[in-house]
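What follows is subunit A paired twice: with subunit B in the first complex and subunit C in the second.
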Partner chain A sequence: MADTSTSFAIPAPDANRRSAGRFARWLASEPVFRLIPFLLVEGLFVLIIVVPFALTIWISLLKWRANRPFETARFAGLENYEAVLTNDQFWLALGRTFYFAGVAVALELIIGFVLAMLVSRCTRSRQLYTTIFLVPMMIVPIVVGYNFSMIYIDSGPLNQILAPFLERFGIDPRIRWLSHPIAAQWGIIIADVWQWTSLTFLIFLSGFAALPRQLVNAARVMGASPWQTFWRIELPLLKPAIVIAVIIRSMEALKLFDPVVLLTFGGPGTSTQTVAYFLWEQVWVFNKFSFGAAASILLLVIFSILIFFGVYMLISQRRTVEGGAP
Partner chain B sequence: MNTDTTITAEAARERKLRRQRVRRVGRHAILLAWMSVVVFPIFWMISTSFKDAGEWVAWPPHWLPNQPTLLNYAQIFAFGALDPTLSRQATEQAFTIWKGLGDATLVCTTASLLALLLGTFLAYAISRFKVGGKYFRHTILMIRMIPPIVVAISILIYYAIIIPYATTALLSVRISLFDTYVGLVLIYAVTTLPFVIWMMLTFIDEVPYTLEHAARLMGAGRIAVIRRIVLPLVASGMVVTFLFVFILNWAEFLLALTLTHPEVTTLTVLLNKFQSAAEGRLYGPQAAIGTIVTIPVVVLGLLIQKHLVKGFSFGTIRK
Partner chain C sequence: MRLLLSAVLCLSLWMASPAVAQDPVADRAVAAAKEYVKAKGLKDPKLTILLSSLYNNSFPDFAKKWEELTGVKFEIVPLGYTDIPAKIMQESVSKTGVYDIFNDFPYTMPDAAGAKVIIPLDDFAKKYQPDFTGIADGLKFQQYYDGKLLVMVNDGDHLLMVLRKDLMENAQANAEYKAKHGKDLGCPDTVAEWAQQAAFFQTKEGDTRWGIKFEKGLSGGLGYRSVNFSYRHFPLYMKGLLFDKDMKPRITTPDGIQAIKDFAAAVEYMPKDIQGWGTPQIYPYWGSGQAYSAVSFPSIFGFGESNPNSVVKGKQLACLIPGQMVDGKLVRRSPQAAGTGYMVSAYAKNPELAYLFIQWFTSPTIGDDAVAHPKGFWDPFRLSNLAHKGILDRFGADMVKTTIENTKYAASLLLIEGNYEYFKVLDNNLADVMNKNITAEEAAKRIEVSWNKITNEIGRDHQIQIWRKGVESGIYLDKF
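On to the complex of A and B.
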């Protein structure tokens, strides 16, 4: 459809307005319209993304720390890459990131799905529920981290609620949740689930709203039980929404950084260090620039595979949605 | 016999009604439970922001402040030197919000406008002329998926080391983009451009091309067509996109933390500074800042609630 722009002759619009400058006419011509925005945006991308990455690759081949002058750097080949690949903490942090993302995304999907299903069956109170359930998504992640740090402190409301149970077993209710490795990990996961369940809820809610009513009703009339209608009709129709929610949430969850800084600073020990936090510490605290550069290049390679996979899935989902929709 | 069947039918109907009622009560119970989970942290922050220093970490915690006070707000909104009633430990560094608020507003607005301008024109070109090929929109999407820490390291090296080094060598002037408004605006604009392009594409695709055609045939120039026909039709879409991108920039933390210090301070970085204050954390002022940071984005977010799914899912979900 868009190709028709050149398929027929357009009468020269300003034939009787000779005074229009040649420059203005050139500016309004099609090639300019095609190229200028493209060149501007691509130029910006090249300047801000591509050039820095090329330089990062170069830096990653040098042996250099930021507290020494740049001139003293010497070429070191793949030494930095070797240092990263043999660094246990890097691999542990990477594994931990995938663990956090996996658990958090699974919980978000389940809770979001159940909530969307329940809300889509409401009639009058639907708007109210939707509005309130969407609020966490809009809250700044750093504020979410702060909120949960207030809830987890030893004299926080969580301990107050648990106190009657804990005192029965003779445990001091003033627990420092974030000082225990596993509790701290779950603290971060819960904060993430609290915030991002709203997104999966939103995706599933629009999925439920788009379900063709006739199909569901037809199945019911033909005597299908609610259970059968759900598993055989609604769930298959919701598959695109589920795939999209999984991809979008996993991509975001792997970037986990803000709540870690606000809640635990990667501690206790290194039990809540995500890969983003690990790199931040290496570069901004320990000034290991070339190590950080090598690690970020490696990380980009690992993530590129995931990104390609994710975008490929998104494209194919989009195609089925567009092809299958009546 | 006859009465018997009516009785059983009535009983069956009653049973069905009761089952429906039970189901409805159960549904609302679950939804209300999640609602309280959602509301509680926000309630706790707002409540803490009205508590005085002694109540921040009292045991057992006070759900509502015993003596509500505006001291926290007075402290973060103070001008100049703090007067003795407001200065608490660790606050002598004058943690006022004005600098952060101003910087955040300036950077977010400029970056969002820049991204909106560039992104809208590129989206128009992609939609109408298929610029960049069939999968260009997806290539752009990939940029957004790169983890920001990877970008942050290369940008730090670029801004703080390479650019000063190169400009000193070539122009003998030391120019650094590290910790400047320009540097932060540029990186924010680049990281949000994919969102702008995706959202504007969905809006521009909806404008029928025949409309533009008709105008062109009647003698309108390309610029006039855009100004008189396309822009009015996508104006509301542009507003939504701008607000969405603004929210994203407003919430951004990692890039602001890593690429600025100490000159430019956005609100998220300011909130974090309290966290690492050596003399003990100031829960009250922090809660006050959190409340102030949250209010504008939640209001804006609720305004564009209907369009949020478009933004967060890159338009992969159709209404």
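On to the complex of A and C.
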């Protein structure tokens, strides 16, 4: 018995080693080795993107609210899409989202640009200012929301700061930042601008740092005024940075959710309800999973068109800059 | 010596026995839990609860006591109460079995029941006999949905009115009020009378009235008007049910429209920022003495008495909820605006053990201890609370008496599927009226259209059936 077991035991590792060796050689062969990264990426793509996406599409075609078991869901075709497209609140939330994103991104671009320009011209304390201006972006959104909820109290610090100015114009200094529909919208915008101007500042600062100094110096030597240098030389060269900032911030701002939840819960009424909040509420508060899936597919289409347009702009700007370079 | 030892033994037996004699409901649950663990051969038995984070500082004391009594440990997963319903519904889809017990408001129950993520407790209740005596019908029957026991509640969150006793008893103020309205100041019987008192006490900052200088001003009334809160207070203004027996919304009736108008008009006497306020703002405002009256959760009274920064300690008066005159009769309705309950997950590993804990925790003695817990947010709600020293010490005898009296008028919010969506529609439109964006009539029309849409989407026949059962059980107090 002992001999038998030995005779079985010895050849096994050899066989394993041989097959492992064959497998390693096969993997190392040129055509297979070149395929490995591709297959891994494709595998992950299918797993992470395609499967959930297909599932979302499937759910969007069902009639199902989570307050009934999934087993009771029935195929409903495009019923949910029709429900979304005829839902006033969806369009209002979408409009509001574009409004918030438009105003917030415009302010972030202007303030970020000015700050970056000033800091790039600083000869002293540049690092200190850069660090300070980047701090808001590093703060967890929940902390930002909490802080602003304190700042916005009607007897809070913001109104106290504004009071001397507002009273001069006969305006009641107790602005209801979170309970008046218009003020609450501005409350959300201000919180977003405060946190995300840092990002545009960073993009523009790197843009200013990358400006070819010889072109700027040459313009000055040739007698260009500071305004002409900025308008004719620096600004055109900064266009790619501007486009990047617009695209990145717009993409983020269209998903505006955190400050809405943290500050107003979409209220008063629906005055601060963004499309991200609308979707969240439909799915996680009202349990309308199918409706939410259809709405998210439609949003994906709308946002994809915008992103495609943005990327096209970015590429064409790059081509212009690269084409114009000597 | 032998005599002394015998006496000590007798004394200790006597001291140990009251729990058995006093609360058989809790003892049955403990004994059955021990038996269950033994019979199933459970090693390191554990229950997991999805707990409202409000109870983070109080619930663990009871979990520890339960563990001492039964050996069953507790894992507590705290979460903000606004997020709990979504978490429960996620469990209905993912079916992880992570939670044994869900802790949330009774009005989370209909959707959870529809999704079959919670189980009926009737069989367990039949076997172990919980005790619901001393609980008013409006609170007791909110534990049932479609005739089945699905949630067990240990909290009264039916709205209560508090007044500033010191201002009400101010002789000058009283004389002025009487001269103006022909009546002494006191707990208002009707919502209209409350509005009258609120208007009377509304004072600008810096004004001096009745010998008192109001440095920060005085709001005549205080009540929740913010997002996710309006719907909880609206039934106070509505004369009767929200729907008729065929689920046709009553909001477009003259009563409904008037209710919207009255609800919105009350903001005039409230702090300017009230539409952005929840409990974290309202309680300190009341405690700072800047309001004459408030309609809130009963715990606002406890806050006023116990918060170190409160200036209204000893100056509060608890009142019954003001009502409405219906056909010449005073009808009070105190909406059960929150109230924490306990449900057993359909995917619990040991549902019977989970139920036994709930029976123990909501039993008269342990339940009363919970209400008395200084760091808890459970409010008085059953008759036995009146005899519990800890509760009387914490809330004051007068307040407990008034709250228990008020339970007679406690009415459930909407206990039908999709209630969060119905509520949200109401909330949004009330906000629009309060902000003068639309008229009450327009709001009523919009609410009616949206409510009908929700009813049809969920299934009108199903909704009618559940609605009628609820009304018949008495949870809304009003009948068809």
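By our rule, the second predicted complex is superposed on the first by the 253 of 326 C-alpha atoms of A that agree within 3 Å, B and C clash if a C-alpha of one lies under 4 Å from a C-alpha of the other, contacts with A are read in each partner's own complex, and residues count from 1 in each chain.
Everything below uses one rule, namely that a residue touches a chain if its C-beta (ideal position, glycine included) is under 8 Å from a C-beta of that chain, and two chains touch if they have at least 3 such contacts.
All figures in this text were calculated on a predicted structure; none of them were measured in a lab.
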Touching partner for A:217 - first (subunit B), second (subunit C), both, neither: neither
Partner chain(s) touched by A:180 [first = subunit B, second = subunit C, both, neither]: second
First, second, both or neither for A:153, with subunit B first and subunit C second: both
Which of subunit B and subunit C A:316 touches, first, second, both or neither: neither
Subunit B versus subunit C, judged by how many residues of subunit A each one touches: B
Which of subunit B and subunit C A:225 touches, first, second, both or neither: neither
Which of subunit B and subunit C A:269 touches, first, second, both or neither: second
Partner chain in contact with A:286 - subunit B first, subunit C second, else both or neither: second
A:56 touches, of subunit B and subunit C: first, second, both or neither? first
Touched partner set for A:248, first subunit B, second subunit C, both or neither: first
Subunit B and subunit C footprints on subunit A, overlapping residues: 66, 70, 153-154, 174, 284, 289
Touching residues on subunit C, where the partner in the complex is subunit A: 85-86, 89, 92-93, 110-112, 114-116, 226-228, 271-277, 281, 417-418, 420-421, 424, 427-429, 431-432, 434-435, 437, 457-458
In the complex with subunit C, residue positions of subunit A that touch it: 65-70, 152-154, 174, 176-181, 184, 264-271, 281, 284-289
Subunit A-touching residues of subunit B, taken from the complex the two chains share: 27-28, 30-31, 34-35, 37-42, 44-45, 48, 57-61, 63, 118-119, 121-122, 124-125, 127-132, 135, 138, 141-143, 145-158, 161-162, 165, 186-187, 189-190, 193, 197, 209, 213, 216-217, 219-223, 247, 250-251, 253-254, 257-258, 267-268, 271-272, 275, 283, 286-287, 290, 293-294, 297-298, 300-302, 305, 308-309, 312-314, 316-319
Subunit A residues touching subunit B - in the complex, by the definition given at the top: 1-5, 10-11, 13-14, 27-30, 33-38, 40-41, 44-45, 48-49, 51-53, 55-56, 59, 66, 70, 111, 114-115, 118-119, 121-122, 125, 129-144, 146-151, 153-157, 160, 163, 174, 194, 198-199, 202-203, 206-207, 210, 240-241, 244, 248, 251, 254-255, 257-258, 261-262, 275-276, 279-280, 283-284, 289, 292-293, 296, 299-300, 303, 307-308, 310-311, 314-315, 317-318, 321, 325
